[in-house]
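Take a look at the following structure, please.
Residue numbering begins at 1 within each chain, and the chains themselves are lettered A, B, C and D in the order written.
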């Protein structure tokens, strides 16, 4: 057998590569939050860079690292997907001696119990997003993110409808402050991600709360008739453009994370599947806490 | 070279197969409707059955047939995806002498111009679905189908909201017939498919009209502020469960296709992406015109 | 409040509906197999039929049933997704007094440990498919299914290559029985589903074994260099059309399930993502054990 | 009616937004290349930035601009998706007076005729990717990209197999230079994108040629038996890691675009759907021509 392996052969086109690795790995992962075990099915991508002097990247090592670190996590109780990503990231740099950069991405469905206004418990589905990136010799950065499905009602259509209806039904004029007007409403999908140094803690559950507090209304698995009407009323008393959703989240982040450093990266992205169109409305801010604080 | 080909070799497990073929083919197709050329990017699946005495199915012949028939269609002006499917189906039986059954499926995005209430022209996107199936010696059946994205507003939440608001604002009681109440509304995706003998004509455009006339409101690419309010008002004066959508379509089919035979197969399926839930509401009827007429 | 609910209102178009329900529910489910807990993230669809006299289907009850039955399953240790589907199915008929039919569908990623030829342990990903259908007054049918990703190598290209190479390199002629020839190989996705009466047991793990024994080679998460070469050699000494895959599975089913009744439904479907084409090769048999035994 | 519109209202959280717009628009587009009309179904996203002083972004204007520019393009014969994107981008800045940045993204299936080695014509499917970005007062940048599906055969498994087989069949030793060894091969999906100033021309067809010349083999819609064997032989005489694919493309870009400025951005990404694994192999380089030239 060739002791060198094919990956070490000499190269014709000796360019370095930004990221080399494996994508589409799926593994069962157990994460402990507040003493509770969360059994997740994680989708995992793993990358290192490749110098111009190295032909291939020993891909099988990547899967070994992922597998061993996940096994290890079950024994040593990892607290989050981002911490597991960070652990794998460091191990990748350890095993790929040639690499100066490592990156791990994870995503998984995640469930949380919640009560409706009427006191009914429902189990709601969210999506966790995690990433760790490490440059050899520098500190590791980790990203904590969530994707939340909720509901937005449009403030603009609501206002135009009010004007139209008041013309048709003048008696409505005095009531319209107390009777919320119809509007189009729809599923909204909002992503909130924060990238912080390894030793900084950000809880995905807090990010979910921030998003759900910034859309017209959270959505629920089970709604009895009264609960349903309450959600609809709440959403229409709280209409939001996707632009409003992103900005309200930014405002809440400044309050909640007043102690975090200026260098923390923030991505907020909100997309509404407009019920009156076949296309979506989209708003996004990519920034740092520092930049937001300058405002 | 082996003149027989590998597909003719003797078999260990000589079971017949229901469908053998190729899936995921994409081809540009030109269809002429009312003198206008429609350039479609069609996704195509092609199948024949395979007797127990035949090892393989000469898959490459299937692509040849598809390619030649599409080329032929450009010269001889095919009128619809279902007619093109029918032509390919017959040719498959011609070239696969061993086959007793052939099936062709197609789907493509399709655009139609339309006016909003305010007189503005928009180009709306739909999905065409076509299928042809032939059993050797019997007549060919073809399926004409459409998938339409539109809007539904929920009648039940609307009624509960009305009751709640009238308790809060008694003056509303007398107005509530003239002022549409808020409800949740959302994107709805409805599929309508009819399967008829080859010589029967059903126009996909008519099916689109039937679906759009049975949901709370069609949706539009462009809506200026007044148009938008009109759509929202119209939808809330016309609230629909997915069950209502399917039944209204069934009623319209009986009227529109009074002359078609009892044997015509009908599939109606409606799915609303509920804005207050993360799951969808779904209703479906699979039937024949004959069964519907018995009612 | 209206004690009747909107779903009981009188109807204009009083057609019965084949299936009404909710789709796209996701829930965490715990299944016990051989004493081991499997934590699955299940995608769930739930349907009942709707008579012509009933306007709507009380959709929220469906989610309640799903939620309560899943909670119940955690306490009472359900053995499989199909058993959980069956339990939900019966409860649906119990709570929707108007319904004569109920149907539950589930699918989930599922992981199983396995050894490579070289003795290395890997955790492989599969997909479980479950369904239960019940008609009031009749016995319940349940479906147990798996989707397996593996590898196929093409026997036909391999044979043509052999003929070509022997012309170029005559010395190869005598070796060609011992040296497997190159061919195109690729990812294959095979689905095997059996539908049986409620009291009949079929193990999803057995179905996975049958599929993996019928393709050119299973695939593995981790393969060191020698393992990798062994897999490649094994696949090319075991080339398979999709037609062969389906037939070999049918043969194995007859042996394995010799004791099951003739009425058991069987669906086998195999699709290869051909590495030399942009389209897929597809083969399928939909049948019963009885029909297979006649042969 | 309120002459200001809801989008101009005062704001609570007055943060600026990076990108606001609409996503998921689909439109039929006609592009003229070398005198031939290409009818494409384009997926389109359109964004502008939003200053902190502006509440909403007049989303309906975005669709109007897209629609009018596409209508205009049919009359004035646009040469490419990227040119159409550029035109829309400029118009967006014209109509959204508050915006300092505009971005348009497009993607579409695209077909090109090609001959197999055996002289057979096939119509192959590719994916065009286009983007234009403009900052007010600065020159516009446009991106020309392609996604190509092809085939890779693994050089490493091939070498290990050779060593294994030579041990089993010593006579093979002298032949192994002339007889290509088996390996795993699979579908590969490679993306090549170049971002250039508006006045620089890059042809998508050239990018397709560069990618197809850098993988183990292009793939074909139709292959007769001899063509099929030739493709398999060619791929196995030309085995490639994803790393090799990316580097070979980088080498070819330096030759082909020797005259383009150093500032041109280049993204090359290659992903192989490994036939022996359930995960993919991935390699990427994000760089500029200048950086590549330094090497």
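Assume contacts are C-beta pairs under 8 Å (C-beta built on N, C-alpha and C of every residue); 3 or more make two chains touch, one makes a residue touch a chain.
As the structure is a prediction and not an experimental result, all values here were calculated from the model.
Chains touching both chain B and chain C: A, D. Chain copies chain A and chain B are related through a rotation whose angle, from the C-alpha fit, is 180° to the nearest 5. A count of C-beta contacts for the chain pairs B-D and A-D puts A-D on top. With chains reduced to the mean position of their C-alpha atoms, the one farthest from chain C is D. Here the spacing of chain C and chain D, counted between their Cα centres, is 35 Å.
Spacing of chain B relative to chain D, judged by their CA centroids, is 31 angstrom. Annotation: 26 Å between the Cα-based centres of chain A and chain D. Multi-chain contact residues of chain C (touching two or more other chains) are listed as 1, 5, 25-26, 63, 125, 156, 160, 163, 221, 223, 225-226, 228, 277-279. Listing the residues of chain C that touch chain B in their complex gives 1-2, 5-7, 11-26, 45, 47, 50, 52, 55-57, 59, 63, 155-156, 159-160, 163, 241-244, 246-248, 250-251, 271, 277-287, 292, 295. Residues of chain B that touch chain A in their complex: 124-125, 149, 151, 156-157, 160-161, 163-165, 168-169, 171-172, 175, 178-187, 217, 219-221, 223, 225-226, 228-229, 231-233, 235-236, 273-279. The part of chain B that touches chain D in the complex is made up of residues 1, 5, 25-28, 39-41, 60, 63-64, 67, 109, 111, 122-123, 125, 221-226, 228.
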